[in-house]
Structures are given as C-alpha cells and as structure tokens.
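Shared between the two complexes below is subunit A, which has subunit B as its partner in the first and subunit C in the second.
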Partner chain A sequence: MAGVSLGCVYALVALGFVLIYKATETVNFAQGDLMMLGAFFALTASVMMGWPYWATILFAITVMAVVGMLIERIVLRPVLGQPAFTVVMITIGVGYVMRGVVTMIPGWGTDTHQIATPFAEAIWNVGGVVLPVQQLGVIAMTAALCAVLYLFFRFSRLGVAMQATSQNQLAAYYMGIPVRRVNMMIWGLSAGVAAFAGILLAPATFIHSNMGFIGLKAFPAAVLGGFGSVPGAIVGGLIIGVVEALAGYYLPEGFKDVAAYVVLLVVLMVRPSGIFGETARKKV
Partner chain B sequence: MSEAGGSDEVILELANVEASYGPVQALRGVSLKVRRGKIVTVLGANGAGKSTILKTISGIIDPRKGQIRFEGEEIQRKDPALVVRRGIGHVPEGREVFPLLTVEENLRMGAYTRSDAAGVAGDIELVYGYFPILKERAKQEAGLLSGGEQQMLAISRALLSRPRLMLMDEPSLGLSPLLTQEIFRIIARINREQGTTILLVEQNANMALEVAEFGYVLEVGRIVMEDSCANLARKEDVQEFYLGMKAEGVRGQRRWKKKKQWR
Partner chain C sequence: MRFIFKTDYEQDIRLFRHGGQRFWYGVLAVLLLLAPWWAGEYVMSQLHFILIYSIVGFGLMMLTGFTGQVSLGHAAFLAVGAYTEALLQAAGVPFVISISCAALFTAVLGLIVGLPALRLKGIYLTIATLAFNVIVEEIIARWHSLTGGNEGKHLKPVQILGWKLESDAEFYYLCLVLTVICCLACVNLLRSPTGRAFVAIRDSEVSASCMGVHLAKYKTIAFAFSAALTGIGGALYAHKLAFISPEQFTLFQSIELITIVILGGIGFLHGAVLGAAFIIVLPQLISIAKGWLPEGLVPAGMQAVVFGVILVLVIIFEPLGLYGRWLKIRAWFELFPFYRKGMFRRQKSYMKSERLR
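So, the complex of A and B:
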C-alpha cells in the first residue's frame, strides 16, 4: 500500500514530464522542483495562513499553474527553436534557481516542514487487513485527479486542442489554434499537477528544498511507460512505487533506491520503447 | 453566403512577395490575383515554391518583402490564427491530420476559431455529405485512415472554419487516378455550392487545368506565365513540361534550361 501511494506521486510527476514532452519535445528536468515549490506554497497557505486542506490544494495548484506559465513565457519561449540540449540545460538551471530561492525565503528555508492533512495517522482495519488511511487518501486523490484530467483532455475544446497541438504542431497552426498560448497552458497544467503531487508527498517525506529529487525516480517511470504516453506515465509510476516498496521489504538495504533503474533496464531490454510506447510507428 | 461566379472582385492579391528559408530564397517576387468565387491554380515543378506561397499567405512564413491583401486588408506577417479567423482555410501538403484524434475531433479542431455550436454541427453534417466515408469512420483515429480518406478529412477539416478562400496544396498527392478524379470533382462542387474561392497548387497539371479557370506557372520562385487555363493547356511549353507531352526528347531538356532564365 505504501508502494502504491508513493507510486501515485511518481506517476503524477512523470505525468508532468510527459505532458510537456509531448507538447514541446522538451524534457523538463525542473519537474521535481516544481513539485517542491508547490509543496512550499501549500505550506504557506496551510501553516502560515491557516487555510483548510482543500483551499490549500487549490491555492498551491493555482499559484504553480501561474508559475509554470511564466516559466514558459519568460524563460523558454525566447529559446524556442534552439537545439534540444540548450533547452534541457535551461530547465536544469531553472530547477537549481528554484531550489536556491526557496532556501532564501523566510519561513521556508532549509528546514523540513509538515502540513496537516485530514487523513490522520489513523488506520482502518477491514477484516484483518490493515489499511492506513493516509495512503488510501493519496490513492483516492490521485485517481480523482486522473479522472478530471481524462475528462478534460477527452471532452473540453482546450483539452482536445492541447492533444492536437502535441500531435501535429504545424497542423494546429493551420487550424487557427493559438499554439504558443496552448503550450504555455500545458506548462501551467503540468506545474499544477506537480503541486498536487508535492502536497500528496508531503506527509511521507516532509517538505524541504531537496524533495524535488524524487524527479529522479519519476523520470524512469515516464520512460518505463513509454515517454510520451499519459497512461504509460501513470502505470510506470505505480510499477516503480510498488517494486521499490517490495525491494525495501524483501531485499537488503540499498536495493530500494536502485530498484527503479533495475526495473527500467529490464523493461527496456524487452520493450525498447517502453510499455505503452509506439513500437510500430517510429522505425528511426 | 454562396455567390459563386459573377463578381470580378479580387479577394486575394500578392504583390512582389519575397520569402526565404534562412539563406535559401524560395520566392523571388511573386505577384498574383485571385478573384472571388473562382478556382485559380499555381503549377510548378518540385521545389518551385508552390507550398511556400501558400504558407506565406497563411502566416506560417513571414515574407521578407511585398504585400498580401485579403479582401482589401494586408495580412502579411500576421498570426496564422488571425488569418484563419479572417476567412482563409488551408489544406496542407501531405494532409497533416491529427493522427490520434478521431475523425470527428479532427473536424472540430478545424472549427476551433468558431463559437457557433449549431453552425459547426451543421457543417459537420455538410462535409459528411461530401465524403460519406468520413461519417462511417467518425469515431476512428484519423491515423488509421487510408491516404485518400486522410485527404478527404484534411479538406473537410479546412472547410469547417467556413473559409471564404481555401488554399489547397497538392490534394492529389499519392492518390490513385480514380480517387484523384473524385477529389477534384468534389473540389469543383465545393466551389460551386459553397461559393468558396480556391487557390489550388498542383503538380498534376492535367487535373488542375481542367478544374481551374485561371492559372499561373511558377519556376524557381518566379511567376513565368499566367493565362486562362484553357489557353495554358494549349501552350506548347506547358504541354511539354507539365502535361508530359514530350515532343523533342533530349533537346527539350536543353530548351528547358534556357526557359529557366526567361521571366
């Protein structure tokens, strides 16, 4: 259960990678740090302003959506068309800057923090099976977010336009879709999802300026699912979470942290394009 | 809406348009006129700059010099989205459908700039009337359609913005002769029934000269000939180089080189 709930967080961060990658062919290495920043905004709302949990979530998502859009508009759009390597380096730089800034802000700093959640440390005992409410809450909230995102991408005009833009950007221009604005909103969406992940992760690892390194686990999750596949990111995240938990339980100390990459290597040897990757479409 | 034929009003005018890709100059001063309600064609070999003309009109490429006037207003260097809103639809070369969206979602993206839901629903039925196969495939991913069906979808998708001018880039590309004929028949029908003006770029000169009224011949970024299609079809050079009626074999190739200099 702990594995599944941690896997949910990996899945959401991986989802952020995938959204941005599909839309702009950029791998955003700042995704984990967006999550970290989102958690700090939640901290501000929850602890410093004393808002209820649900308002905290909305606040963090909204602020981070704006931050995501601003990053796209101010930092990335000017380097549009530069080699992929340049853009990737810039996202790494953005991550560093965010980590640095967070440590300088009074009340945030380098300490670890915690926010209150409605899922106390309670435990449900259902017919002899012990279920921690905290982790069930994480799973339920992830499922709810995925459902909302599914409905959005499938049925809203903007959601379908986002898909269209990531499938064929040139054609999107021909249709009169405002491609740049759509890409900016994808960054916003992706950062909002990251904030949500940060809030879910907070009870497990606490909030601190280095919590974004969890991106290093979410990245193999995205690749595992076949980089560029949204359902793949979710499944990949869950697999890595579960495998990691099992490795921590049954294997000697140390295996837990490499488990994600071992799984990745094994899967990629069998299916080089990932679980949901498009094997037939791209033959180099 | 439909006012096919009749008026002599110029709906689109290009004046000395120059465009380049980095150091490669693709258009070297192109001027042309399209009158409302007509089908006009631009013929030219590979790399002549046909697609570049259409992309420049759509705002995908900014011209270095020259003006593009649509319904009297200059639209060069404008945002592609604005050009669509003004009333220009584009059927791109190679179809460019959204492969993972369904046929119907592709059509809805064609109507992205519109907000009249009822009108859009009506127009979807209208294009299903032109291409019944699309209605059968409505819930299928567009990437799974055959090449010909994708071309039908690309044309339909452009129609959904209710354009007054449609730019069509080689709609016959990769289609069987039979399907090419069908597509051209429907292009003529759209022009007749919807009153949509059409600027058609083609390598299949036979078909293009048959369906269009007026034609331009483009060579390495320059217009070298313009006339009614009936006249163009009778011209020796056009017959030789675009209609494939070679008379002189190797000597013809040499004359071809000389012709390139002529402007």
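So, the complex of A and C:
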C-alpha cells in the first residue's frame, strides 16, 4: 500500500517528464525541483496564510503553472529546436537555481517543514483490511488527475495541438499551430502536475529543499512505461513504487535505493521503448 | 590574419600548425613548469585540482564532445579509478603499475557500460549512465569489506621507484606529466582514423555508418578510452584528497564533470582545460564575492544559484563555451575590421520527433 501511494507520486513526477517529452522531445531534469517548489508554495499558503487544504492545492498549482511558463519563456525559448542535450543541461542549471533560491528565501530556508492534510492519521477499516486514508487519498487524487489529462489530450483542441507539436515541430508550424505558445502551456501544465505531486508527497517525506531528488527516481518510472506515453508513466510509476517497497521488505538493506535503477537498466537492455512506448526508428 | 601556405601533406597532421602556436604553447609550458616558483601553496593546490579535472575533462570531451555520447555517469568511473588506486596502494603495488591498473580496470568497465550504448540513443543513454552512477555509488557504500563503506579509505603519498612525492611541487609535476601525456594521447587519437570516426559518429550516425564506420566498435572504443582517462584522473584525485568516501562520487559530481565540458566549450580539447579551471576557480570567486556582501545577507544557496545561472547563460548565449568566446575574440582581431556579428550564429533548426516514422 505504501508502495502504491509512493508509486503514485513517482507516477505524477514521471507524468511531468512525459508531458514535456511528448511536446518538446526533451527531458526536464528540473522536474523534481519544480515539485519541491510547488510544495513550498503550498506550505506558504497553508501554514503562513492559513488557507484550507483545497485552496492550497489550487494556489500551488496555479503559481507553479505560471512559474513553468516563465521558465519556458525566459530560458528555453532561446534554444527551441536545439539538440535535446542542450535543453537537458539548461534544465539541470534551472534545477540548481531553484534549489539555491529556495534556501535563500526567509521562512523556507534549509529546514524541514510539514503541512497539515485533512486525512492526517485517519484509518479506514474495510472488511478487516486496514487502509490508511492518507495513502488512499493520494491514489484517488492521482487517478482523478490522470483521467482529466487523458480527456484533455484526447478531446480538446489544445491537447491535440500539443500532440501534433511533439510529432513534428515544422509540420505543426505549417498547420498553423502556435508551437511556441503550445510549448509554453505544456511547461505550465507539467509544472502544475509537479506541484500536485509535491503536495501529495509532502506528508510522506516532509518539505525541504532537497526533496526534489525523488524526481530522479521518476526516471526509471518514465522509462519503464515508455517515455512519451501518459498511461505508461502511471503504470511505470506504480511498478517502481511497488518494486521499491518489496525490495525494501525482502532484500537486504541497500537494495531499496538501487532497485528502481536496476529495473531501469534491465528495461533499457531488454526493451528500450518501455511497456507502452512506440518503437523508435530514426529517419535519415 | 595568418595564411598557412601548405607545401606538404604532413602539415595537416602536425601537432603545431604554425610558429605562433609553437611559441605560445612554449610559453605556457615554461609557465607551468615554473609554477612551484611563482605560485603560493594555495594556488598550487588549486593547480593540482585543475590538472586532475583536465584529465577527466579530456576523457569526457572525447566521449561527449567528439563522439556525441552524453554520459551522466562519469563520477562512477572516477570512483572506480580512485578506489582501485587506493586498494592497490594498500596492497603494496607500485604506483606506476597501480595507476595503469586503475586505467585498465575503468576501461574494461567503460567497455561494459558502452555495450548498451549501442542500442540506446540520446537521452536514454544519458539516463542509463545516470542509473549506472547511482548503482556504483551504492555498491561502494555497501561493500564494506572492500571499500570501507561510508568511513572511506585513506591513501598514502605517491611513491615512484622508492622516490616519495610528498611535497606539493612533486605531486604537481606528476599531475602535469600525466595531463600532458593524456592530452597528447587525445590529440593523437583525434588525428588518427579512429578519432575521425568518432567525429563522424557525432555529426551523423547514419552517414558515418554509410561511410563504413563500424558504429558498435567505435562507440565502445570511445567509452573505454574516456573511462580510462577518467580512471587516471580518479587515481590522482584520490591521492590529492588522501581520503575518499562514496559521497564524493555522487550524481552531482557527474553533473559537475559534464559542466566542465559544456562551460569549456564542447568539441574542443582546450575547452576541457578551460572548463576545469573555471569549475575550480568559480567557488573561490563566489566566496570572495560573499566577502563583499553585508554579513546578514550571505545566503547558503548562493553557490548553487550562481552555478545554475552561469550554466544557463552559457548555454543560451555562448553555446561553444569559454573556448568559443576565445575563438570569437581571435576572429575579431584576425579579421579586423571585417568581423560580422552573425559569423558564429547557430543555424535555425526545427526539432523533429525520433519516435515516429
């Protein structure tokens, strides 16, 4: 159960990777740090301003969406269309900046914080099985978000435009899709999802400036599901979460941290395109 | 503007293109050889680090800058080199043999890591090397009987054929000699068909294999060679610090190593040295800058912010790094007054998915 709920958080971070990868074919190494920043905004809203939980979530997501768009506009627009690695390095740099900035802001700093949740320590007892509401809440909210995103990509004009941009930028330009604006929105969306993940993760790991490193665990999730596949990210995240929980339980100490990466390497060796990935073939 | 009048095919592969280069490299060599006389103790210690990072930078430059394979796992090679050296020294193996073993062992490891590289492209390879780094770090921390776990390992000063290198100057000369050897090895390799094959793979894998470059073979060679250089760097790094523990070889070390290549200028060997110097000097500059700020305003995360901002700015405004900036300055003087702004401009490109046919 703990594995599944942690897996949901991995899944959400992986979802952020996937959204950006789908639209811009680059990997955002700062996804974990976006999550961290989102959690800090939630902290500000809930603890310092005393807002209710739901308002906090909305606030954090909105602010982070704006932050994501700003990052795209200021930092990534100039290198639009450059090789993927360039963008990866830029996002690593952005991650450094975010981590540093957070420690500089008074009230956030280097300390560990906590936010109150409505389903704190409550426990449901369903037919003899004890279910912590905390983790159920995480799972339910993840599922809801996934449904919304699925519908968005499947039916809305903007969602379809985002998919088109990801497949061929130039062709998307020709079709009259405002590629830059779409990219900006996808960054906003992805940062919003990251903020959501951060809020869900907050009760489990607390909020501190290094919580973004969990984003690194989301790589295996994204790869396992097939980079560029939304359902893949969710399934991959769940699998990684469960594998990790099982490894922590059955295998000697130390395997828990590595298990995700071992799975990652095995997947890359056996089936690099992941579970749901499309087969890659490069044209000349 | 210097025109090189070519009278001989040999001229194309000479180490120095013209007299000017010979002169300036000579000046540099003399300055470096005399460093123990003009540099203080502190500067010497920084020079050690710059030389060691340059060796690692050469290794990464060969892989990332010339073969186009991005690795975020070089701290693992650094760690393996460092620990091999530490263990062999503890076992009483002479330095010359132990450092060769460190290079050889990391090369074999690089070979093994290079194998999946044949199937993986671009970002997948980067993620695979990242995973490799995390796993190696964890193994080192957990394999207590061999590596001493988180308590780390101590090293004694280097001893070559009964001659103990205890002073800073002696260790400096050791680093300098090894750096020059590694540099010449890279330059030579790049002049050879192997090096040309690397560059061909970087520029386009498809056209390289059409021209008869065996992709699998050359990618593996690139990985092994890069790992070997990193292993040598790791061995020296271990001696420099005299104490190694797993937390020196995390993913952040890997990121720092790759930033050497990026900041220095990707695709130039000079860039590796410039990048190494920059990475070493930057924290000093930051701490000097901190001295100017009022006391209460010194934030803990400033170093990370400055580092990140510089990385982002360099990638956006100076894609060729420090060496690229130097090339522009040189071109400005050489072509005066005909230098134009757009001479080094990036070509506009559109990204196209590699996932769909």
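Note that the second predicted complex is superposed on the first by the 276 of 284 C-alpha atoms of A that agree within 3 Å, B and C clash if a C-alpha of one lies under 4 Å from a C-alpha of the other, contacts with A are read in each partner's own complex, and residues count from 1 in each chain.
Just so it is clear, contacts are C-beta pairs under 8 Å (C-beta built on N, C-alpha and C of every residue); 3 or more make two chains touch, one makes a residue touch a chain.
In this text the structure is predicted, and so the values were computed from the model without any measurement.
By the document's definition of touching, neither partner reaches A:L136: not subunit B, not subunit C.
Residue contacts after overlaying the shared chain place A:A164 against subunit B, while subunit C stays out of touching range.
In the superposition on chain A, contact of A:Y173 is made with both subunit B and subunit C.
Put subunit B and subunit C next to each other and count what each touches on subunit A; the higher total goes to C. Contacts of A:F219 after superposition: subunit C is touched, whereas subunit B is not reached.
In the overlay built on the shared chain, the residue A:L246 is in contact with neither subunit B nor subunit C.
Overlap of the subunit B and subunit C contact sets on subunit A: residues 167-168, 170, 173. The touching residues of subunit B, counted against subunit A in their complex, run 58, 60, 79-81, 83-85, 90, 92, 96-101, 105-106, 108-110, 112-113, 157-158, 161. Those residues of subunit A that touch subunit B in the complex are listed here as 157, 160-161, 163-164, 167-168, 170-178. Of all residues in subunit C, only 70, 116, 119-124, 126-128, 130-132, 134-135, 138, 141-142, 206, 251, 255, 258-259, 262, 299-312, 315-316, 319, 346, 348-357 touch subunit A in the complex they form. On subunit A, the positions that touch subunit C within their shared complex are 24-27, 75, 78-82, 84-86, 88-90, 92-104, 110, 166-170, 173, 209, 216, 219-220, 223, 227-228, 253-254, 257-258, 261-262, 264-265, 268-269, 272, 277-278, 280-284.
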